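Attaching a single structure in structure tokens format; questions to follow.
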């Protein structure tokens, strides 16, 4: 194994990657001063970003890295998830300073709540980072379940009826779903270790091991297991009709957390599906899992379209648009041609960027206007010019307007649909996209333009709320027609992994 | 090749310069110069570029930059012809805007107008030059987006926002169709470059048909064919006038460009009968659009809405020409196909010119009277004589009267319709005869529409004070209009210019005309079918005029002219209230074509006392017409929305139900897999 | 080397497990559910120990000990505490969506269904699997059914725990448990989940002074 | 036969002069016929000449609401009418200027004249003018398709819109060979009545606001302008009559450029025109003015009959 040779540096990196949030969480717990904990969190998440980028760099170098005799395994696919986590994590920590600071000044939350928030923030980052780097599917499942618990804590931050309701639904539905996923995982473990029922050897649950032996699995059990997996992780990834918790949770969380939930956590859950998708394809060919992915994806996009059109609440609308985009990604994976998978992985990143931008903006907007209702929000471009501008850009990007990044990935996805001759699904997707365009566009333009209902003074909400959004807008513009070469190679490698589940290339 | 490439860069540079500088001179007094002078230069360079491309070879370059898509520029005759149109129009409009955009000086975000204006023009040109599906769509949507922002430029008015939204959604729907059609082609050709579409080789007919239908619907939406025209009057009416001039005169042609590119470039129309129904479909749609467009233009009261509907009508005429050309080609009647094609392209050019002119004039009227409702106007020809003259020229051109350019293109279209008897198919001939009937009716109604527009708004007494104290517009606006007006006259009298332009641009099998030979069509029996020689007609008209003038002077001798009131039947001087209004002028026709308007004429009487019904205090007469298409759309939308509304109701808020969904999903998937439906 | 007597033991333990689970359905009071859950878990721990005895895998002993410790002692303690502290007057499932009698029938059907499913997926099987896999399925389904059909949040929580028990039994009987780390992780997750949801229950009863989920229907689209 | 030779030009111009000078005479003849058949003496046949000369000598009163459109309308009317005369063959089967313009140009030039007339009606701010223009607009909008579809029939039968071509092939092909032309004849006759403002479309000889159409638009004219308008009406009428005669009953028209034939052709065409005029006059006194919206049916009839003509050609 060549990975041993480099295990020195890479193992350190990975260790640092998961230790940084833990340590900063502990620091936050001990020194409870507002300014300090903010600084600590921002710094640590910046550190995570740096480590993530360095790790990506070495992934680009050695394709696959497996350390601590295969407990941690990282390849390009995990790299993509790590990028989104670290980037959005950093920016939303930056944004939290402003947002939670405001809540604090308005006496909506006290100091202890603030401490709890930052603890939760760090733990959330930790659990999410654990997902892509763990090789053992059981550990991955535990990590995903843990993200649920931590994010429920974060949603429970406010003692409001709506937030209690949202967190209860979230906890219940996500846990039920994930238990299904665990069913599937155990099934896979069973079919893997069916020949030698060696109790207690964890390696039978390692993804690498599973992929190795996939060809020998019993087809029926694999199908059964994958159905459990896709329904289970699909619940967490917000695929319809298991998405029902998502709008509640995402709209009730504090905006920086909503950004993390929508932009990153969904991808983590979907990452689980992807891993098992690879195993299934290696075992019984990709047709079965592709069909499932396409069906669930189409349903998600359709339901999201219907719900967006009539939406009254800004953040709920954004949440439903997350459902839509997860649907698009899963359809794209289901199409299963090269450019489609390329587009899907690109779309994961693009959606993370745009959606977090939108949630940041919506946070500032709802703080300024004191409401999340679309009907009461008018003329943002007049009351807060910069926020209004970025909100407009983000909105146009999310409904797939060129020259912004999402258009490119959606274009790739649709063309792959036609290339793989899934004409009907592709046309359905296009139809739903048009409906979503109409609905979302209507709300967006009504909010951004027009004249505000009550007169309010014309200013944005502080530099720290602006900077993250501007960064994201810059990314949106740049990636509209240009994908940096390293990212391209990363995505190409991971689509290679997805297409032909070989892990040694 | 190389220097023309530099020219391309220069054009791009100038427009971007305009965009940026107008942004950075925000709030300054001279920002209009920073915004529109670069635009004017860029448009002029575009004209030069297209002329160069006509004479020298095509520009075809690929800027690969290590990406998924390469940026391909391809400028052939077809592209350069449309670039020429856009360049000409935008040149005039930019000069016009130098003064016009001062109208918004009280708004502080005025410089956004300049920026978007530049971006809009350059995106249109990029659409035409790009040779790759991805970039075509990017620039196409960029064009829609910029024009959308221009439409809602006065977004404080909720109404503009609504119409802008309709525009955005409809145009995006069109884009979806175009995308689907291109992707169908892509699934066959396996590459995103248009070159691969060109030499796509043998593909099944049904794919060609599906792709054609989708593309036609898509581009047709942008062109505003009936029944997809619903957005057009709203958008054109809401936009600032210089923008509506650009949209109607430039960006509408891009839709036609798309269809032409699609018909004659991606498909080589040959004498195989399966292109026949394409042609017929285009003719039918074209005739319907022409008739419906002009019918609604006839009863409108808002100048810009009238012009917008007339754009729909002219698109219809253009499509009739295109369709005829396809039909003739499918019967291998090459010369007739060329005739029809030249007719439609000539009309495209003409429509761009006079519609730009008319929209700019409408802008001038709005500029100096602050109203777009023609019922409030009147007598403007005395207040703003030059604008009146330009408007008259535009009017004569658009209703196709000699000696202006509109006459030439409609003459050509009619001639190609008359040549239908060479098609060896009776059904076809009769049906196309009906099409020509429709076209003739359209022309008549168009004449009625514009006589009404000009007569009511420019002639007789001013109906309101707004019109009474109007003044002539600043000279830049006049200059911008003068450019297009003069080209109306030139193309009308020296029609060989336009025809040779088209023949060389699309390198058609037709020998270019020399200035002094008549534009003549030879029937299949070798006799002269029809011929036209406008310069001589001019000479005749002029000499007749001179001789009559002299004759009258001799016979009449010296007589005096004295001014007096209009005859008032001895009731004392007439008030402006007794004049015919626009509504009453069109009332007889609206009664004849009642099915389209469902006109309603309600009379409300007010009495001094309810007991005594003989002494009336006042009588209100309300005459209203309806738009059946808008009602149709409302019905459609309400139905589809109710469906969506049912779907979204699954979010019931009951957590038990949510868990039930999960179980149902699981069990149904298990059943499907078990019964082997999937996998 | 499995003796017939042991097989009977297996059958009997499975039967007891099912009965304990049915306790969840037939009883109304909050505390009764927790009792039912505790009995169920104790039986489960015993079964794990039994499996450990048969397939002498020493890790399974630890697992069963853990199960007993955490699931049969700690979690019920928490739940009892919660039920005691809840300041809602009636601590009963008053009107479930599906009545008690009917739900007994339904869960019986579910048990039948799980045996049916087990027969469908022809896993080449030893006795342990034969006996416990259907039972684990039925635990799973009954847990789901409880969540769907009941109105009280606590009840749903117990249903969740039942599902988890089913999973656990499934894992142990099918694959004789996987590595210890994962088991511990699972346990930790469950514990954390229980704690969080009890906090939620407290807040619920504080804000709505009842833990009936009819209060939790404000977030919806209409 | 397409080149413009010198003699050809002279000949063409003389033909034009002939038509222009004869046109008031036809008007006089038609009036006289009407008077006679109504048992009136009526004014002498050459009365229209006197009217024109008298009006040319008179001073003009123009409305002060009017603009330059009003002033130049008579000139445009006259010029267009006279120029049209250049393109139509009169006594010879081709017009020397035939290459310059075809029947569509003729329609276009008449249209230009009518366009300005309607505008002039609107220009004088009186409700009479508006009334006349409104009705005129309605008619011209509906007559246009009828006229075009008639031209369509004629063009497909006689192979072109070039009038010389039409007349020459009309001279060769007889009705029996082309029955469809009969329908074109009916249609064209109706259009002729409409265009020259004859009953039942319009009544030139009344100034009652209920009935008048064309008169209402020119109500404000006087002096020179009125003279020009009246004269150009007469010219338009004679041109349409000539067209009708030469397209549908061209027998005896000169088919080669020789003095004897042309002299004969001239006499024959004058006789034909006069007799057609008398026929029209007789028809006019038989029928009363129709309601405005009933006249539309007449136009519909003309359209229908030409469509029948089209179908006749194709089957």
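Observations
Per-chain residue numbering starts at 1, and chain names A, B, C and D are given in the order in which the chains are listed.
The working rule: contacts are C-beta pairs under 8 Å (C-beta built on N, C-alpha and C of every residue); 3 or more make two chains touch, one makes a residue touch a chain.
Keep in mind that this is a model prediction, so the values were computed, not measured.
Overall, the chain located most centrally, as judged by its C-alpha mean against the mean of all protein C-alpha atoms, is B.
Ranked by separation of Cα centres from chain A, the top chain is D. Chains B-D form the pair joined by the most contacting C-beta pairs. Centroid to centroid, with C-alpha atoms defining each point, chain A and chain D lie 80 Å apart. One finds 101 Å separating the Cα centroids of chain C and chain D. For the pair chain A and chain C, the distance between C-alpha centroids works out to 31 Å.
If each chain is reduced to the centroid of its CA atoms, chain A and chain B end up 45 Å from each other.
For chain D, the set of residues touching two or more other chains is empty. Listed for chain A are residues 168-169, 172, 176, 224, 247, 307, 310, each touching two or more other chains. Within chain C, residues 144, 147, 156, 213, 216-219, 221 each touch two or more of the remaining chains. Which chains touch which is summed up as A-B, A-C, B-C, B-D.
Those residues of chain D lying in contact with chain B across their complex are 2, 53, 56-69, 75, 78-80, 82-83, 86, 97-102, 104-105, 108-109, 111-112, 115, 118-119, 122-131, 133-135, 137-138, 140-145, 147-149, 151-152, 155-156, 159-162, 164-165, 169, 219-220, 223-224, 227-228, 292-293, 296, 303, 307, 310-311, 313-315. Of all the residues in chain C, the ones that touch chain A in their complex are 55, 57, 59-60, 121, 123-124, 140, 144, 147, 153, 156, 160, 163-164, 167, 170-171, 174-182, 185-186, 189, 192-193, 196-197, 199-200, 203-204, 207-208, 213, 215-219, 221.
Residues of chain A that touch chain C in their complex: 136, 138-139, 142, 145-146, 149, 152-153, 156, 159, 161-162, 164-169, 171-172, 175-176, 179, 182-183, 186, 189-190, 193-194, 197, 199-202, 204-205, 220-221, 224, 247-248, 251-252, 307, 310-311, 316.
In the complex of the two chains, the chain B residues touching chain A come out as 65-69, 134-135, 137-138, 141-142, 145, 152, 155-156, 158, 161, 164-165, 168-169, 172-173, 176, 179-180, 183-184, 186-187, 190, 192, 641, 644-645, 647-648, 650-651, 655, 658-659, 661-662, 664-666, 669-670, 673, 678-679. Listed in rising order, the residues of chain C touching chain B in the complex are 97, 120, 144, 147-150, 156, 213, 216-222.
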